[in-house]
Amino acid sequence: MARRFLVIHGPNLNMLGKREVGIYGGKSIERINDEVAAEAATLEVEIEFFQSNSEGELVGAVQGCRQRTDGIVLNAGAYTHYSIALRDAIAAAEVPTVEVHISNIYKRESFRHTSVIAPVCIGQICGLGSLGYVLALRALLEERLDPWLP
Amino acid sequence: MARRFLVIHGPNLNMLGKREVGIYGGKSIERINDEVAAEAATLEVEIEFFQSNSEGELVGAVQGCRQRTDGIVLNAGAYTHYSIALRDAIAAAEVPTVEVHISNIYKRESFRHTSVIAPVCIGQICGLGSLGYVLALRALLEERLDPWLP
Amino acid sequence: MARRFLVIHGPNLNMLGKREVGIYGGKSIERINDEVAAEAATLEVEIEFFQSNSEGELVGAVQGCRQRTDGIVLNAGAYTHYSIALRDAIAAAEVPTVEVHISNIYKRESFRHTSVIAPVCIGQICGLGSLGYVLALRALLEERLDPWLP
Amino acid sequence: MARRFLVIHGPNLNMLGKREVGIYGGKSIERINDEVAAEAATLEVEIEFFQSNSEGELVGAVQGCRQRTDGIVLNAGAYTHYSIALRDAIAAAEVPTVEVHISNIYKRESFRHTSVIAPVCIGQICGLGSLGYVLALRALLEERLDPWLP
Amino acid sequence: MARRFLVIHGPNLNMLGKREVGIYGGKSIERINDEVAAEAATLEVEIEFFQSNSEGELVGAVQGCRQRTDGIVLNAGAYTHYSIALRDAIAAAEVPTVEVHISNIYKRESFRHTSVIAPVCIGQICGLGSLGYVLALRALLEERLDPWLP
Amino acid sequence: MARRFLVIHGPNLNMLGKREVGIYGGKSIERINDEVAAEAATLEVEIEFFQSNSEGELVGAVQGCRQRTDGIVLNAGAYTHYSIALRDAIAAAEVPTVEVHISNIYKRESFRHTSVIAPVCIGQICGLGSLGYVLALRALLEERLDPWLP
Amino acid sequence: MARRFLVIHGPNLNMLGKREVGIYGGKSIERINDEVAAEAATLEVEIEFFQSNSEGELVGAVQGCRQRTDGIVLNAGAYTHYSIALRDAIAAAEVPTVEVHISNIYKRESFRHTSVIAPVCIGQICGLGSLGYVLALRALLEERLDPWLP
Amino acid sequence: MARRFLVIHGPNLNMLGKREVGIYGGKSIERINDEVAAEAATLEVEIEFFQSNSEGELVGAVQGCRQRTDGIVLNAGAYTHYSIALRDAIAAAEVPTVEVHISNIYKRESFRHTSVIAPVCIGQICGLGSLGYVLALRALLEERLDPWLP
Amino acid sequence: MARRFLVIHGPNLNMLGKREVGIYGGKSIERINDEVAAEAATLEVEIEFFQSNSEGELVGAVQGCRQRTDGIVLNAGAYTHYSIALRDAIAAAEVPTVEVHISNIYKRESFRHTSVIAPVCIGQICGLGSLGYVLALRALLEERLDPWLP
Amino acid sequence: MARRFLVIHGPNLNMLGKREVGIYGGKSIERINDEVAAEAATLEVEIEFFQSNSEGELVGAVQGCRQRTDGIVLNAGAYTHYSIALRDAIAAAEVPTVEVHISNIYKRESFRHTSVIAPVCIGQICGLGSLGYVLALRALLEERLDPWLP
Amino acid sequence: MARRFLVIHGPNLNMLGKREVGIYGGKSIERINDEVAAEAATLEVEIEFFQSNSEGELVGAVQGCRQRTDGIVLNAGAYTHYSIALRDAIAAAEVPTVEVHISNIYKRESFRHTSVIAPVCIGQICGLGSLGYVLALRALLEERLDPWLP
Amino acid sequence: MARRFLVIHGPNLNMLGKREVGIYGGKSIERINDEVAAEAATLEVEIEFFQSNSEGELVGAVQGCRQRTDGIVLNAGAYTHYSIALRDAIAAAEVPTVEVHISNIYKRESFRHTSVIAPVCIGQICGLGSLGYVLALRALLEERLDPWLP
């Protein structure tokens, strides 16, 4: 049976392509999702997408992955920096999660240098634009097939 | 003409596979380099490797890339956290650099949560084991072909 | 007329019994609510329950207690540590509130050692598992009958 | 065509007039909105009002102003102090925003002295009670007519 | 055989009822002990009481519980905030301990917000007046009968 | 009898219009005073102006308002951030004071984010250019006529 | 009836005259007590002296002053900097207390710059050698006769 | 020849008796000076007084004491907390200086707990109202006659 | 005449061998004292032992060494981290003191990384178990015979 | 036409040669000015000198250089560390300024390690005694003739 | 077979005996090595010595001990305070290491109070001059023969 | 005999003229050395130059100056901010050293505002481009001829 993955976009990512293109690039969220879907097709995995501006809904989406999804690609947007609720949801879901950021958060304001969710994710990809989502998908799939830690 | 990339491993990475395998996994540096070389062959790019425990030699290696190399995959090891000299070398070299960490540095001691080189790299991949090097190589290549920021 | 109390569970508490049982124990939220309801029956008070992952809904639930509820037993989950909105709601509601945590938050990550809601609650019970809810209910009832401060 | 403005009230502002009147005064949110509407009529601008306790809904309301509204008067309540999501929404919306606080936040608890949204607003008015909303409206209108920075 | 518990009062608690009644209420230490003794009689457990202003004597009292007492109810007073010696004694004694504070320490000066003993106690009850001691006794008894963590 | 107000400009505000116009706009202090005087005429209040680079003279000017002036509009310039002497003068004068800043100080260097005088003023207006002075005057007048706190 | 005062010396003050005379001067504690006793005789007040190295005994001595002593001259020695227990004792005793230090603590190591007891004393005299005790006695007596705050 | 001393009052002390009498008491600066002058007459020393709101003038007054004055009683008011210029003047003047504060600065806002001049004064008296000036004068005189440090 | 040394054990060291053997090892205090006494016999020096949980008694024991003891081996236990009183006693005693810790305090909680007594001791030995006491004794003896600093 | 420069000395520099010669050397301000004047004569530039203890006067002196002076040599003395007013004056004047300190401020108290004016000066010379003024003058002249940044 | 140990000296230790003898004593590195070699002969263990100013070489020396050396005596000099690379090398080598410092680092500048290598060493000896190396050697040998932790 | 001086350039200074010319200017290290050599010829002193990217080699170069060189002009580049090893080398060498920075480090990232070597140098020149080296050379020469401190 095919692996199933969920891509979760946090607050303001629905504004991609319109908002601050010098920081986030000019691709819309739909175009990014299309690119990821194309990669998923190539890799023969199922993929779904979710976006919300609401912390509570994002918590719910992560919780819903428990025992139903093989991995999460998560760009938590601004919640990255303070949503302990989201962190707890990831820990509770027990689904491998890769944290993605389109921009290099370490080049920006200092409050963006801290991710409260990073310690409960398996890894982080940032600064590589929409490609980050695609690479995260591959990482999740490979990690399932060939875990790098014994 | 084929693109040329350099993979740079910092201090103690020559101990991979022997050292703390619960943190860094069981692959030796040679095996990781082989994996990256295989990917490079697939992508039809040239690849070279360098490892040193010496901050000064790492600075020199990065400087040497200036106007000669298309991208750097850099795992600076412990120097990540304090080598401003290395940071300045990356800025001086003006070669796109992706920062890689085998382990998820945000799960570990707090002094590993800060990277002084991150602000001068284009992005960071961490926690994905040796796969991180391979993904970084792809990111550098794609970034050259299709820059995500206008 | 019987006293009326509300038990409020914050984010991820709907995962109790499934999630990290080494930290939170193996009881589900339903079983905890049953235990509290049994105690309420013994004490001859009315009791209601509310759970939400949404900060806004929790704020609304607390506001709704104003002039309608005699006391709140509140486990705000992760919002304990940053939801000033929830704090303001408690202050605005002017209903005696006891803060409860199932685990001993002072044994865990340092960001869990700070409660932004504690200064507007009458007291805090933590680390006593589901018993904390029952004790909080008793405290609220006694405090109504025999205030300990003149 | 008449200018259009939106007044946004954040969490717990629906409790105005009931809640802590020594801090926030005795006017209800409806009465404040009436005062602002009267001023808007005098100034011949269109005005709308929005209140929510939900961070996600407030983010959505700000996003919705993009290319549709000439200015925002925003009292973000407690979210002022931590909602980076709201901050990002304001930056994404690219609509001039004036931050308003009824009370003088610098006289209160130290955690209220920091506004994470201030750097993306054009200015801040605080401590002037409900008059702050009226003055903010005037400032937005004048700023449109006669920008003070070249 | 009946369970045996010890209630330990730290410095200045011998002044209860006389001292700052707006903070600590008007009950004397003797009256509080009587209330706890009555509860102990109801629960059919043995109870003893100890008060000292001396850090060293408190350390000794805790040490003396080792393998002789089933649980400690501890209000360490001001030592709560700096007595690492007392913390080490609790860890050395290996007797379940519940920390109690009469007042809500989180409403008071910031130096009272930190408890150096909390991480070695099983839980904390604060702000509930003398009732806190009674609830702590019940918690210790129940924890013995029905541990909430597996 | 007409109300009397004083507008106080702190250090370097005599350089307005010449100095860093990208930050402070192109209006001279004379032109700003004219605008405020025009508004004062409309409001039928008396207005005076004072500028000094000297902390001691500013302290003296504020002291001189005691029992002689109905309100102060104060742009303390750089002294905003460290002059406790000025803060004490405002507290001693017991005259309602509105703090004004031409630029949005929260967009600038972090040392400009703290105002030591804010806690003794009734409110603050910043980022609205010279309009801030006019709005402050209106606020002072209305506050006298219709205090928003009971 | 004559006023009664107590002079309390904290830890290591029994070593005065022997210990670090460059810091504390060459007078023994007995000689200092004699000087204070002489002043007391002149002022026609009763005076007693107490010294202890034990925090608990010092707490007890302060508690014992309640309703029996008109004022305390307290040199708490090293406990000045961390004994919250002593601070609480002073607050509980409700006896006017003047804090004295022989040396100028602000010229010494930074940990000596903080006094946890200062906020509960009426004032502090430091750096004036043994004269500080005499002046403190006079201050206590005058404060009784002619309180400077209404 | 008679000793000569100078009493220096810093900013806002000219408002004594009018300003915040709950903090500073009801005596005017003239009355305090009279009390000190009376004591000086008793002690047969010459005394002068100086008050200024200007940091520069206070620096000048202290400098002027060099080789002309036997001691300074200095209440630097708000400058206590930040005037390094005043600190340097005291060090340059090489005249024994006693720092005086009418109120107990350690009971007040935390920024008043630090004195930048304390390390260059011989001692500090605070919280004893106007009596502090008198005691400081006596201390300076005795220190001259009988230095307590060898 | 034979040299005389004192070994001082601080709070909870009487629990050695019983308490947390994974941290402190399985030897009792008696056995450690026997080992040190055997070494002392070999070195032909006199040795005494003292243990107390009381800060005041430890201060007294150190003071008592003045001019009577040639060196102190001091394991201050938890007081290491906050007892400035003990630090002052060491400085006052003027007896060479070597600080010993059985466990490596730098591997443990961060509050154990600071020793307030270290700056007044001649050196520190930690992490070497009970051997640390023996080595400290030798160091004190050699330091007497052959001081390493001129 | 000859270049014109101004040398500005801040507070207490009028005490040079008298004050703390171990820190500042034994030359008076007049002698230093003579040395600088001699160098100016050699370089064929006009030079003026100004000294004040008053922050406001120093601000005025800097402002007065605007469009009239080719460069400022500024030793701001103690104001270096906190006078944001002076910083703003330098920015407003738009005259190249070199910051000079006679002593090496980085060898002294930590509060002297921060210069709030350094970011608006072109450079800093410290620790080189009176020679620093002469070198600064040369630097200003050369910078005018041959700017080192394009 | 005899045990083998390596003594590693970090940067500037080649200057011993010449450099700052008031801090480090007058013995050269050769003389210290001779003393340690003599002790090694007595203990019948093999000993080698290594000194380098280069962080990379020190990392290499530590790595080289893996599976070849029974223990390391390491004085890392200044690298003690920041070389995470050296710390990682010690962890990777898995050879018991005792950290030695000739001077008491806790008596010196605050940046010398932190050792980044301490948490990966078994223990630390400091302040005992060259004797520290000898004692460390003994500790390593005994630890091998009779581990103090089970 | 002619004085001998050494100019030391730290990491990345070999990239001068190529690297970030907006920060460091367009001159190569060779051209800067030529300018300094020309000045040295004028002053009739011997001059040598050294550059390295290696901390260890820089430490060695500084050590090598001991008793052989009359002064060091040191631009430590990035090592300025963390190389305590270099600091210790300067202290050990006991050769007067002037710290030089081409750019104004106080205008740049905050981690460049701290120099760990400044406290052991005689002074610092920064922000004056390559002229800084020339001025430093003059300062060293004059300091030899006419020390400004007695």
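Just so it is clear, A, B, C, D, E, F, G, H, I, J, K and L label the chains in written order, and each chain counts residues from 1 on its own.
One rule holds in what follows: a residue touches a chain if its C-beta (ideal position, glycine included) is under 8 Å from a C-beta of that chain, and two chains touch if they have at least 3 such contacts.
Note that the structure is a prediction, hence the values are computed from the model and not measured.
Touch-path distance (fewest steps) from subunit D to subunit E is 2.
Shared contacts of subunit G and subunit I, meaning chains that touch the two of them, come down to E. If you average the CA atoms of subunit C and of subunit G, the two centres end up 46 Å from each other.
For this pair, subunit A with subunit H, the centres built from the Cα atoms lie 63 Å apart. Counting partners per residue, subunit B has 54-57, 82 as the residues that reach two or more other chains. Per the contact rule defined earlier, chains pair up in contact as A-B, A-C, A-D, B-K, B-L, C-D, C-E, D-F, E-G, E-I, F-H, F-J, G-H, G-I, H-J, I-K, J-L, K-L. Across the complex, subunit B is touched by residues 54-57, 59-60, 63, 66, 82-85, 87-89, 91-92, 94, 116 of subunit K. Partner subunit L is touched in their complex by these residues of subunit K: 10-12, 14-15, 18-20, 52-57, 77-79, 81-82, 111. Within the complex formed with subunit B, the subunit A residues making contact are 21-22, 25-27, 98, 102, 104, 106-107, 113-115, 118-119, 121-132, 135, 138-139, 142-143, 148-150.
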